[in-house]
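Two complexes are shown next, each including chain A; its partner changes from chain B in the first to chain C in the second.
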Partner chain A sequence: MLSLIKNKFLRIPEKLHILIIAVIVMPLFIGAAIFFSGHFMTSYKIAFITDQAVSIPENEAMRINKMNEAPTASSLAMGEYNAFVETNKNGEFTVTTLNDESDKKAIQTFFETGKLPEINKTEQRGTGTNILGFVLVVALMQGVALTTFYPDDRNNATFKRILTSPAESKQYLAAQGIFTFIGLYVPTFTAIAITKIIFGAEIGFGLGTLAILLVILTSLATAFSLFMASIMNRNISLATSGISIVTCIMAGCFFSFTGDSEVLDVISNILPQKAFMAMSQTVENGASFQEFAGALSYIFLWIIVLGVAGNVVTKRKIKKGVY
Partner chain B sequence: MDTIVSVSNLEKSYHSKKAVAGISFSIQKGEIIGLLGPNGAGKSTTINILATVLSPDHGEVQILGYDLIREAKSIKKEIGIVPQDIAIFEEITAEQNVRFFAGLYGFKRNKLNELVQEALELVGLYDKKDDKPRTFSGGMKRRLNIACAIAHQPKLIIMDEPTVGIDPQSRNHILNSIKTLRQNGATIIYSTHYMEEVESLSDRIMIMNEGRIIAEDTKENLIQNIGNGITYTFKINNFNQINKNEIFQIHGVTNVQLTGKDLFITSEKNKDTLHSIVSLLLDNGCSFEKMTSKEASLETAFLDLTGRSLRD
Partner chain C sequence: MRFLRIVKFDFGNIFKNSTLLISNTVIPLILIGLMGFVTQSFFGNGIMSSYDYYGVSMVILSALLIIMTATNAFMEGRVKQANIRMIYAPIPKFEIYLSKIISTYILGTLAFSSILIIGQYFFYINYGGTNLPYILLIVNMLVLFGSCFGTMMCCLLGDEEKASSISQLPVLLFSAFGGIFFSVYGLGKMVAAISCLSPVRWIMECAFRIIYDNDFALLLPVTFSLLGASIVCIVICQLTFKPEEFTC
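On to the complex of A and B.
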C-alpha cells in the first residue's frame, strides 16, 4: 500500500498543472472566498419612489435611493436595485421585487415599522459556512484532477500490471483515495489556517472544528472522484465539473437556495452537499452534536456508498477483462 | 521434473465467441515454451488467465501447485508478467519504475536495492537507471518493461510479445536476457509473432488457432511431423477458375491454402509434384505472377496447421 501511495507522490511533479492548481490556485481561490465572505452581509438596494416627505430610519442592511420617478423595470433584472418601494395616497408602501417572498416581507416590514424582522438564528448562514460552500465546489472539481493517475494507469496498462502483483484493486483504490485526500486536504486547510492566523480573517470556526469539517468535506470529494473515475473512461473531468457545479448550486453551496419547485427541493435534499451545508451551518451556530448527527451520518453514508460503488464497478470491469 | 503449470480443459468466451476452447497443457520447471498463433488465436486470453487478471469460464489451472481461482494471491507472488503493452511510468526514473513494481512484493529495503540493481543490469539499463523512460528508445523501454516483471525473481515468467517493434540490438539483448533467466532457474512462457525467436529460444512450441492448441512439440518434431515437405507459393491472379480439391488430387500434395492472392501448396519432399501443379493451374486458365518454393521450416509447419502466416 505504501508503495502505491509513494508512487503517486513521485509522479505528481510531472503533472505540473495539477500541482499548480492544488498548491497555488486552490489556496488563492479559498483566500478570495474568505475575503468575499466578509462582504456577504445581506443588504438591499432600494429605489424609494415618492413625492412625499417621508422619514425612513437608517439601517446598514438597507441602501435607499429616494426618487420621484420609478427606474426602468430592467434595473431590477440587472440587479441595480433589489426592490422598488412606492407610497400611495394613504401612506401605504407597495414593494415590487424579483426576490423571494421572505425578502419582500422583510422590506415591507422595514418600511412599515422601521425594523427588519428577526431572522431565525439557526437559519442564518455564517461566514464559515459560506467559505466551506466555496471550498466544497472547488474540492469536488479538484478531486478528480488529483485522481487522474487512476484513469492514466488504466490507459497505460500499468493498472493491469499492478493487478498481476499481490496488490489488489481495492488496495490500489485505497492508495489513490489517500493520495487524493491528502492533495485536497493539506492545501485547503493550510490556506484557510494561514488566512485566519496571519491575516486575522474571520472564518467562522475554530481551527480544530475547521480541521474536522474539512476531513468530512475532502472525504466526500475523494469518494466522489474515485466513483467517477471508476465508472467513466473518458471526459471524466468535464463530467465531474458539470455534475459538481449543478449539484452544488442546487445544494446552496454558493448561496442559500430555495426553489419554488417541489421536485427540485426533493432532489436538492438528497444531495450530500446540502447535508454538509446544513451541518456546517448548525456547527457554526454552536449547536450540539445531536443537532447535526443526522446530517453527519447521511454524509458518511454517501462517502461509503460512493467508495464501495467505485470498488464494485472496478472489480466488475476487471472480471470482464476491462482494466 | 516438477510441473510448474498444469492446465486442463480451459475455456473462456466473450459473449458467444469462444476465445479459448478447452485447451490442456503442462509446462515443466526450467522450460521455455514458445506460444505461437495468428491474431485472435486465443494466446492473449490464455496469458491473461495464467496472469490471474482474467477468470476462466471452465477448466482447472494449477501454477506451482496453487489453484488459480482459490489461491491466486499465492500465484501472483511467484509469477512475473511482461505485458504486450509497455506498461511503465514515463514520469519517474527507470530505477523508480523497477523499485515500484518489485516493491509490491513486500521486500525489505536492502533486498529490494539488490533486486532492482540485478534486474537493471540483466536488461542492460543500469547505467540509465536515473533517466526517465521518455528519453529511452522503443527497445530500451521494452527492456525496462522486462526488468519491471523480473526484479522480484519470479519462478514463472510470462512474456507476451516482448520484442514488438524494436531494434535488432535490443532484441538480441532481450533474447540473451531470457536465456540468462532460464539458466537462473526460471520457467518461461514466450508468446511472439517472430518465428526466429521461438526457434532460437524454445524447448517446446505450442501452436494455437481459433482457441485451440493444434500442435505442441519440439521444433524438430513439429517440422518432422507436420512441415516435412516443400511449400510452393504462387502469386495467383484468377484463382476462381480452379477447384482446390483438384490440386489435392495430385499425388504428393499434402496441403493447399489460399491467403489473399497467395496460393500455398505443400508437397511431400521427394515427390515431383511441381510440374503437375503448374500444368493444372495453366490448363484451368490460372495465371500467376511468380512462384517461390521453401523447404520445411517452423513457418511452413505453422502455415500447414493454421492456413495463415504468423503475422496475419
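On to the complex of A and C.
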C-alpha cells in the first residue's frame, strides 16, 4: 500500500504538466477569484441623458454620467451601464434598465427625490461560502486530472500486473485516492491561506475552520473522481467537467438563487454540493455543530457511497476480465 | 477522394463518441437553461432577459471548448492507432491533421448552428432575429478557430491529455475576463480595461452590437481575426507535426 502511494509520487515527473496546473495555476486562479470577489461593485452605473442643465443629486451608490445622446443598447447588455435615465420637458424621468423591478424603482426614486430608498435585497451569502463554492467547482474538475494515473495504468495493462501482486484493487484505489487528496488539498489550502495572511483578503473563516471545511470538500472531490475514473473508460475528464459544472450551477455554487421550479429544487436538494454550501453558510454564520450535523452526515454519506461504488465497479470489471 | 475518405472516418469517430456528441449538443442547451434560470432574478423585463445574455455567452464558451473535441479527434487512444497506420501510408502529412480539423469543424458547425436556430425559434432566445445569419457566422468562425487551435496544441505537445488540459486554461482565463460568466464592468474600471485584451470580450461585444444595435462595425474585424488566427494555427500544425514522433 505504502509503495503504491510512493509509486504515484515517483511518477509525477511524467505528468508534470498536470501537477503544474494543480499546484501553481489553479491556486493562482483561486487567489485571483478571492481577490476579485472582494471588488465587486455594488453601485449603479447610470447614463443620464439630458440636454438641460439639471443638477443631479449625489450618492456614492450611483455613478452618473451625464450625456446628450443615449448610448447604444449593447452597452446595457455588456453591463457598461446599468441603466439609462432620460428626462422630458415636464421634468419626469424614464428609466431603462435590464435589472429587475426593484432596482428600476430605486433608481427612479433616487432621481425624483434625490434619496436612495432602502433596498431590501434577499439575504446575501457570506464571502467565505462564495469562495468555497468556487473552490468546490475547481476541485471537482481538477480531481479527475490528478486521478489520471489510474486510467493510464489500466490502458497500459500496468493495473493488471499490480493485481497479480499481493496488492488488491481496494488498496490501489485507496492509494490513488490519497494521492488525489493531497494533490488537491495542499495547493488549495496554501492558496487561500496565502491570500488571507499575506494579502489580507477577507475569507470569512478562521484558518482552522477553513482547514476542516476543505478536508470535507476535497474528500468529496476525491471520491467523485475515483468514481468517475472507475465507471468510465474514455473522455473521463470531459464528462467529469460537464457533470461538475452543471451540478454545481444547480447546487448554487456560483450564484445563490431562489427559483420556483419544483423539479430543479428536488434535483438540487439531492446534490451533495448543495448540502456543502448550506453547511458552509451555517458555519460562516457562526452556528453550533448541531445545526449543520445533518448536512455534514449527508455529505459523508455521499463520499462513502461514491467511494464504495467506485470500488465495486472496479471489482466487477476485474471479475469480468475487462482489464 | 482519399482525403474525403479520411475525413469521413474521422467524422464518424467523433460522431460515435457519445461524450463528445453530448458535450457539443445537449450540454450547451442545459448550460443556457441553467444559467438563465439561476440568474433570472437579476434581470427585469427589459430588452434582454437572463436567457438572452447566457444564450449568447454560453454558446460562445461551448463553441470555444470545441478545442476538447479537436484534441480528442486527433489523439484519443483509439484514433491514435489508426493514425499510425496512416503515417506508414504514402500520403502527405497535412492530410492527417487537416482531416481532424475539418471533421471537428463540420460537427461543430452543425451542432452550434442547430443550437442557435433551435434557441431562437423554439426557446425564443434573442439571437438577433433577422440578423441571426451574422451570429451564425461568428459562431462558425469560432468553431473553426477552436478546431484549428486544438489540433495545433496536439501537434505542439504530442499528447491529448496535455493538449486539452493546457488549452483549457487560456479559454477559462479569457472567458472570465471576457464577460462570459458576469459582466466585466461589475469589477471596476481596471478589470474593464484588462478585459479589452480578451478576444472573448470582443466576440461578445460584436454579438451584442449586432443583436441589440444592428451595428456591424465589429463583424468584419472579428471574423477576419478568427480566420487569420485559424490559418496561423494550421501553418504551425504543418511546421510542428512530426509523424515520425507519433507514438501510441
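Following the convention adopted for this analysis, the second predicted complex is superposed on the first by the 237 of 323 C-alpha atoms of A that agree within 3 Å, B and C clash if a C-alpha of one lies under 4 Å from a C-alpha of the other, contacts with A are read in each partner's own complex, and residues count from 1 in each chain.
What we mean here is this: a residue touches a chain if its C-beta (ideal position, glycine included) is under 8 Å from a C-beta of that chain, and two chains touch if they have at least 3 such contacts.
Please read these numbers as outputs of a predicted model, since none were measured by experiment.
Participant: Regarding the shared-chain residue A:321, is it in contact with chain B (first), chain C (second), both, or neither?
Facilitator: Once the two structures are laid over each other on A, A:321 reaches chain B alone.
Participant: A:19 contacts which: chain B (first), chain C (second), both, neither?
Facilitator: Touch partners of A:19: none, neither chain B nor chain C.
Participant: So, does A:116 touch the first partner chain B, the second partner chain C, both, or neither?
Facilitator: neither
Participant: Once the two complexes are aligned on chain A, which partner has more residues of chain A within touching range, chain B or chain C?
Facilitator: Touched residues of chain A are more numerous for C.
Participant: Applying the document's definition of touch, where does A:72 land relative to chain B and chain C: first, second, both, or neither?
Facilitator: It touches chain C, and chain B stays clear.
Participant: In the overlay, answer first, second, both or neither for which of chain B and chain C A:287 touches.
Facilitator: neither
Participant: Look at A:163 in the shared chain and tell me whether it touches chain B only, chain C only, both, or neither; answer first, second, both or neither.
Facilitator: So A:163 only meets chain B here.
Participant: Quick check: in the complex, which residue numbers of chain A touch chain C?
Facilitator: The touching residues are 17-18, 21, 25, 29, 36, 39-41, 45, 72-74, 76-80, 96-101, 103-104, 145, 148, 155, 234-235, 237-239, 242, 245-246, 249-250, 252, 254-255, 257-259, 261, 264.
Participant: Tell me, which parts of chain B touch chain A in their complex?
Facilitator: Result: residues 14, 48, 51-55, 73, 76-77, 79, 81, 83, 85-92, 96, 100-101, 103-106, 148 of chain B touch chain A.
Participant: Please name which positions on chain C make contact with chain A in the complex.
Facilitator: Where chain C meets chain A, its residues are 17, 19-20, 22-23, 27, 30-31, 34-35, 37-48, 53, 68, 72, 76-78, 161-162, 164-166, 169, 172, 179, 181, 183-188, 191-192, 204-205, 208-209, 211-213, 215.
Participant: Considering only the defined contacts, which chain A positions touch chain B in the complex?
Facilitator: On the chain A side, the touching residues are 3-4, 6-7, 10-11, 13-15, 156-158, 160-167, 318-319, 321, 323.
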